[in-house]
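Quick notes on the structure that follows.
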């Protein structure tokens, strides 16, 4: 178990390289096998993970460029464990559901490389390498969208790439400035995140650095008004691209908030709390309304992702264990649910080569199984209790209530609006009479699709009913982080604020 | 007094000559004026006591360089009036005037200092050529050798560029074992 | 009367001259061999040249004499040595690009190799001196050789490129001499360290004179380093030259220029000539941004790479502006990493060179040429993609580490805005690098014939590209040792 | 006893899941039987628990932890006390009957199996709702019944109106649920727990404004589920669902969840009587408001739906005024007779081939005697005639209103009672008596299958006799709920009873009189007040015009104008500006050597000028 | 008395004349003439400063500048000849193949 993290990070990439040798016909099987092994490795990691230890585990450390303080530093805690698990799981499921025939080998290799970068982002503790994985993850995605997407794929791919790349360059400056500050304070160069956690930064500096990191994360999340790359990316990406994009890539942004913005700059985070919360609320409502106006099924889900990520951001900036734990759980649940929804859209797109809702209607009678799974995912998406979607949403909103009840109320309208656009989508495409002749002969889910979807459905229910093992593990690490934030805050009011939002009683 | 007169005469002549160089439409005039200007410049060298340089100026410039130019001019057949299609004359002249003013403004500034210890002082009782030789073959031996290499480069370059090897047609100069044509 | 002069051989420090001498011997030797034996294969000349370059490299690395040599004309300090090593390594890799599948006239000429070696000698003198005269001579030697080498490609465009380069070079030479004159008039010396001393003694008075000298020096070196607005030659010259030479030009003359700029400008900046700091700031920003923005709209990969190298040079000027040890180390680190990547990129262009402009009347390497390359030649396309990502500063490929170190230097010296401008520029830059990747990976091929792409591929070229790709991919592994060496030498030479 | 709790709770779930396995298959009779049996089992367990609770008091069960984060701990915990056990019994009893009834009713439906799966799932959700010992558990059931309601209203999803109504119901409930969620959050951050006992113990010592806020938020939740004004429109539209659904969900159980919530939180609401009074006022308003719409409606099921709405108003009056046990009592009796009414209506619909317009019926008594009798019984009970169940509970509510001194409320309820009697018998008269209209439409009605009728018998019986359990009921539930003391003299009480009975009877009589003579004249239909009523006070139209349409328009506006034209265009514009600058700067590169040289000189000139005129020396 | 400034001003004037030529000449040969003027102008300055300081470095510089000028002429003319052979013109405006 000593090097399991390295193994988890680099196994997909190595397998991807070897994948060049695999014959095209067997590429899909190869991809599934590799991702399944990767998932098993992650499960082993979870089994080996000590749930009572809030710190980093399975740490691997070796200096890489000591003269600038860069090292190869891996570690996992409750926050990143499940995101890594989610990544490997979704990748596996996405590959199972893969229905593309064209250049499938290249696609699978790209997905495996993408998996490496995504897992890397979650498990790496050295900030430079984090940045490296962060940027590198764009490349396979660019290829996936650009090569297998639909008509406007080039525009979408380039927009996705440039937007997110441009957003994260300032983070690089921020990272280097952090290193400078660290060196200034300790006389040692280090890019290790746990080292940085111990650094107290002057208030004004925190504001600037927070801003530099914020832009990168905000674009990735994506926060209003930096979200416009997302509809294009989703609209044009092939199914597998959308699944991974929605399920994992967006989480990198919100993970960044939890991992960097909060513990590194607690004062700035509290200082910017309200503006960010307002943006988050705008995201929730605005994206939900735009989603309602869409005609393309996939766009509805794309915008719904924005809306849900708004709640994630809100939960994160609640600054209390409930909110942050909830937002991390919501990341997981949104990963599963949105992944499943995109997969479902992919299923219908494979059959009909259209995603417009007006081309459907009455699908429930033609494809009952499909409609059932869709319905379950839809209910999870609108956050029905006992489905996975509820727990995170409930906790996030509950967490933020302590900060501001009125904002929570506004964000809560997302629950209503979510129901509106989702149910409208469902009604338009599944209910009513079958109006299009082409739809009458549609086949219900086949074995491959069921294999991919059933585990998702199972997770939606199981984690909805029994989220506790995940929640407690996350909670432990989150609480540790909160203690850290409270201790290192420069401004006593920040500490007070954090203590206050974490204690029961005394709210209006 | 004698120096003043000489300076002004030579100045006027040089400026005049060079003005002809840049303004004349006739290449032959321009070249002749250039040659003249260079000779007048050697006059300054003599005034300033740099006899060796004066001689070099005359031999190298008026002799070698101008001869080369003369050959070139014959080759290019530009002995007649040259039609020059100057674009954006206004910009050119504005820039010229501006740059002249600025350069002069700067060079008028008294930026030399009396407190400079000469590194390679010219001795009162030694001839200019002797002194040059002394410095050239001690301190500046390496540059001198490099200059030799540079001249060699120039020579090779001149020979290669003007040689028949460069006359081949474009297509011929690129050979290939397998010739593939693609529509 | 003259005193007899007695000079001890030891004080001349002749080993300092040994590296250059080796190449001079090599160049002369090549010419002599050509006279004696006609029709020798280009591979012979290439390998002889590489051998001499390697000998030279050995001499540079093995040199352990004192810093000064030959009446203090020579200055073999740390940066001179690093720069020479970079120059020689780059040369050793670019020269063998002549061994392409197609035979080009110029590579059959012994003169080509002789001139190449002379050119290297010129660069070596340029970096290994702080005497303005010797620098000037080195500059001119290398430039004249370079003009000729460009023209030897024997295409109308090559001639055009050479003439443009030459003419602008002549103007730049004028600026250089005027600048030297001003400094000479100010200080009575043509050696940078003495100039510095005198200027500091006089507290940079008259300032206007110092600034005027600096301005003309910026003009002269700016031409060599293709700083805006003296950059206009770059794309045309790169386009006109053969790809190996263009790649070479993007690396070697610039590193030589940087060393001179470092010696001269840093002295001024660090002594508190704020004006120069501002001006350099402006030039850096303008160069990076303008070049990047213009590169966006290019239709030809080679021209795009030309603009990109202008932009890279711009960010290197930032290192000189910052002027700390870290920044100077960053400059050399960056340039080393950039060298391998650009070597790869230009070698790729060389490989895919086709005799005829099949894709575009005007351009040799239009973007459309690379359409769908991944479907025809996946490995070639992937490697090219890696080079593009590396040039774009994508982690963890080579140039990223240079950029990282440079930005780190900027941040550590509180040049936050400069750092931000650099990264914003890299965000713009990523577009045009990505454009090639998009053409290669995301578009459909125009022709499925792999042959037309690889007409110029040969084993040596493939080896070189493979090596460059390795260096680009696994840069992270040798950044540390490289950095240690560079920092050691940079500190040793006091920068 | 724990095992009975689990049986009562999970038998419906088991039923739902087992039947769901066959959901996609064609009709299988055994699914209906299985479901009915399992629900019946649940009912039996509930009765066992009723007896047990009567004997041994409340029962607490904690199954497992659910959510654990920060200080927030929510278990799956259940409490079976006097209130919940009454609810359980009512729910399971009605459910069982409805299940059995549905075997007959859904006989010809191709989604027979699916129906039973949904129906059982609903029962499960409802059981969670009533049995949970904490607010979040209640919320699970709350949302769960919402989901099942959505599924069942939209059961015939091929009908546009059905799926529309389903969505409307879901969304309206969601709006209210948000309020409830806010209440829950406030409770959590004030008290740190969601357990009823802890919360109710804590609220007593809390700042009254916060309690008020909590009460308000919770009631907003209740308003949605119990379809109180202004969130009432979904209930009438929900009649698009199969009739057993209307009977079970939209009459007997789910819609009363709001009332249950207020009763459950009685300890909280007693602290804030002003909010209670507001609830009662709203209830009274809805009682009259809904009854008035029922007066003129011609849709068989909608009339009953409005009646349900009106009765819910009565319940809220009782609950709001603190008479929690009376509210609960009315809830229970209402469940019996209202589901009976609906199920009878289902029979009529079946007989009439899904014709719902009562104007097209008439004279069905001849062919459907049993149904007619049962429906009449239910109507009488609804009208509140002694000795039927409705009399006992409804009269009590009027008494409470009077006792509370809220004479306006009393008067409203009083009027409401008259209207109730009238529209109930208008319905009975138009459907079962009078002229036979249906032959004109070629319909030949027939009585439902015998087992269906038998299944309805217990409800009929309960509708008649349930009222007599009043005192034992009071004794049972007031062990948990607060007593309600009536301080009226016997004379006043009797006068009230007489008055109420009188208006009810006169309402009935008026209806019988009018409709046995062929009803009102057509000219009435042109009156403004008729128009107002038949159009449901134009409220659905208002919602469509001023909420839904603007929302749609705004959504499109945001998408097409703001998102695409502003936000996205800005991003693209930045890119375009950069690119456009490139095409401009490219012109600098015009290939002319002269210009290149000039550029170099320009650079020099600019720098020289700067050197001369701008020399900062810091 | 002729001071150093006189010579420097003369240098400036001549250099400016050279710049004028560089900017306005479109005949490449005559453009090269102008670059010679630039170098010659600087030569005057160097010798004058050399004289003023009594230091020989300036003269050395001049000497090398003359050498450079000569070399440049050789290479420049070589290039011009090539171009002329290919294009039949030494007009600067004929160098317009590459742009953009």
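Letters are used for the chains, namely A, B, C, D and E, taken in the order the chains are written, and counting of residues starts over at 1 for each.
FYI, a contact is a pair of C-beta atoms (placed from the backbone, for glycine too) under 8 Å apart; a residue touches a chain by one contact, two chains touch by 3 or more.
Just so you know, these numbers come straight off a predicted model, no measurement behind them.
Colleague: Identify the chains adjacent to both subunit D and subunit E in the sense defined at the top.
Modeller: Expected: B, C.
Colleague: Per-chain C-alpha centres versus the global one: which chain is nearest?
Modeller: A
Colleague: Between B-E and C-D, name the chain pair that shares the greater number of C-beta pairs in contact.
Modeller: Taking the two pairs in turn, the one with more contacts turns out to be B-E.
Colleague: Farthest chain from subunit E, comparing Cα centres?
Modeller: D
Colleague: Taking each chain's centre as the mean of its C-alpha atoms, which one ends up farthest from the centre of subunit A?
Modeller: Max centre-to-centre separation from subunit A belongs to B.
Colleague: Using Cα averages as centroids, what's the distance between subunit B and subunit D in whole Å?
Modeller: Those two chain centres are 100 Å apart.
Colleague: Report, in whole Å, the distance between the mean C-alpha point of subunit A and the mean C-alpha point of subunit D.
Modeller: 36
Colleague: Roughly how many whole angstrom separate the Cα centroids of subunit A and subunit E?
Modeller: Each chain reduced to its C-alpha mean, subunit A and subunit E end up 65 Å apart.
Colleague: Could you give the separation in Å between the centres of subunit A and subunit C, each centre being the mean of its C-alpha atoms?
Modeller: 44
Colleague: So which stretches of subunit C touch two or more other chains?
Modeller: Only 133, 137, 140, 144, 147-148, 151, 156, 163-164, 167, 171, 185, 188-189, 208, 212, 235-236, 298 qualify.
Colleague: Where in subunit E do residues touch two or more other chains at once?
Modeller: If we look for residues of subunit E contacting two or more partner chains, we find 4, 8, 11, 15, 18-19, 22-23, 26, 32, 49, 53, 55, 57, 60, 64, 68, 71-72, 75, 78-80, 82, 93, 95, 97-100.
Colleague: Send over the residues of subunit A in touch with two or more other chains.
Modeller: In subunit A, 162 touch at least two other chains.
Colleague: Output every touching chain pair, sorted by label.
Modeller: A-C, A-D, B-C, B-D, B-E, C-D, C-E, D-E
Colleague: Within the complex, which stretch of subunit B touches subunit C?
Modeller: 106-107, 109-113, 116-119, 123, 125-126, 130, 134, 138-143, 146-147, 149-150, 152-154, 156-157, 159-161, 165-166, 168, 170-171, 173-178, 180, 182
Colleague: Okay, in this complex, where on subunit B does subunit E touch?
Modeller: Residues 3-4, 7, 11, 14-15, 18-19, 21-22, 27, 30-31, 34, 37-38, 41, 44-45, 48-50, 52-53, 56-57, 60-61, 64-65, 68-69, 71-73, 75-76, 78, 82, 84-87, 89, 92-93, 95-96, 99-100, 103-104, 106-108, 110, 112, 116, 118-122, 128, 131-132, 135-136, 139-140, 143, 147, 150-151, 153-155, 157-158, 160-162, 166-167 of subunit B touch subunit E in their complex.
Colleague: Once bound in the complex, which stretches of subunit C touch subunit D?
Modeller: 163-164, 167-168, 171-172, 175, 207-208, 211-212, 214-216, 218-219, 222-223, 228-230, 232-233, 235-236, 272, 274-275, 278-279, 290, 293-298, 428
Colleague: Looking at the complex, which residues from subunit E come into contact with subunit B?
Modeller: Spelled out, the residues of subunit E in touch with subunit B are 1-2, 4-21, 23-27, 29-30, 32-34, 36-37, 40, 43-44, 47-57, 59-60, 62-64, 66-75, 77-82, 84-85, 90-91, 93.
Colleague: Provide the residue numbers of subunit C that touch subunit A in the complex, in ascending order.
Modeller: Touch list, subunit C to subunit A: 374-375, 378, 389, 394-396, 400-401, 404-405, 407-408, 411-412, 416, 419-420, 423-424, 426-427, 430-431, 434, 437-438, 441-443, 476, 479-480, 483-484, 487.
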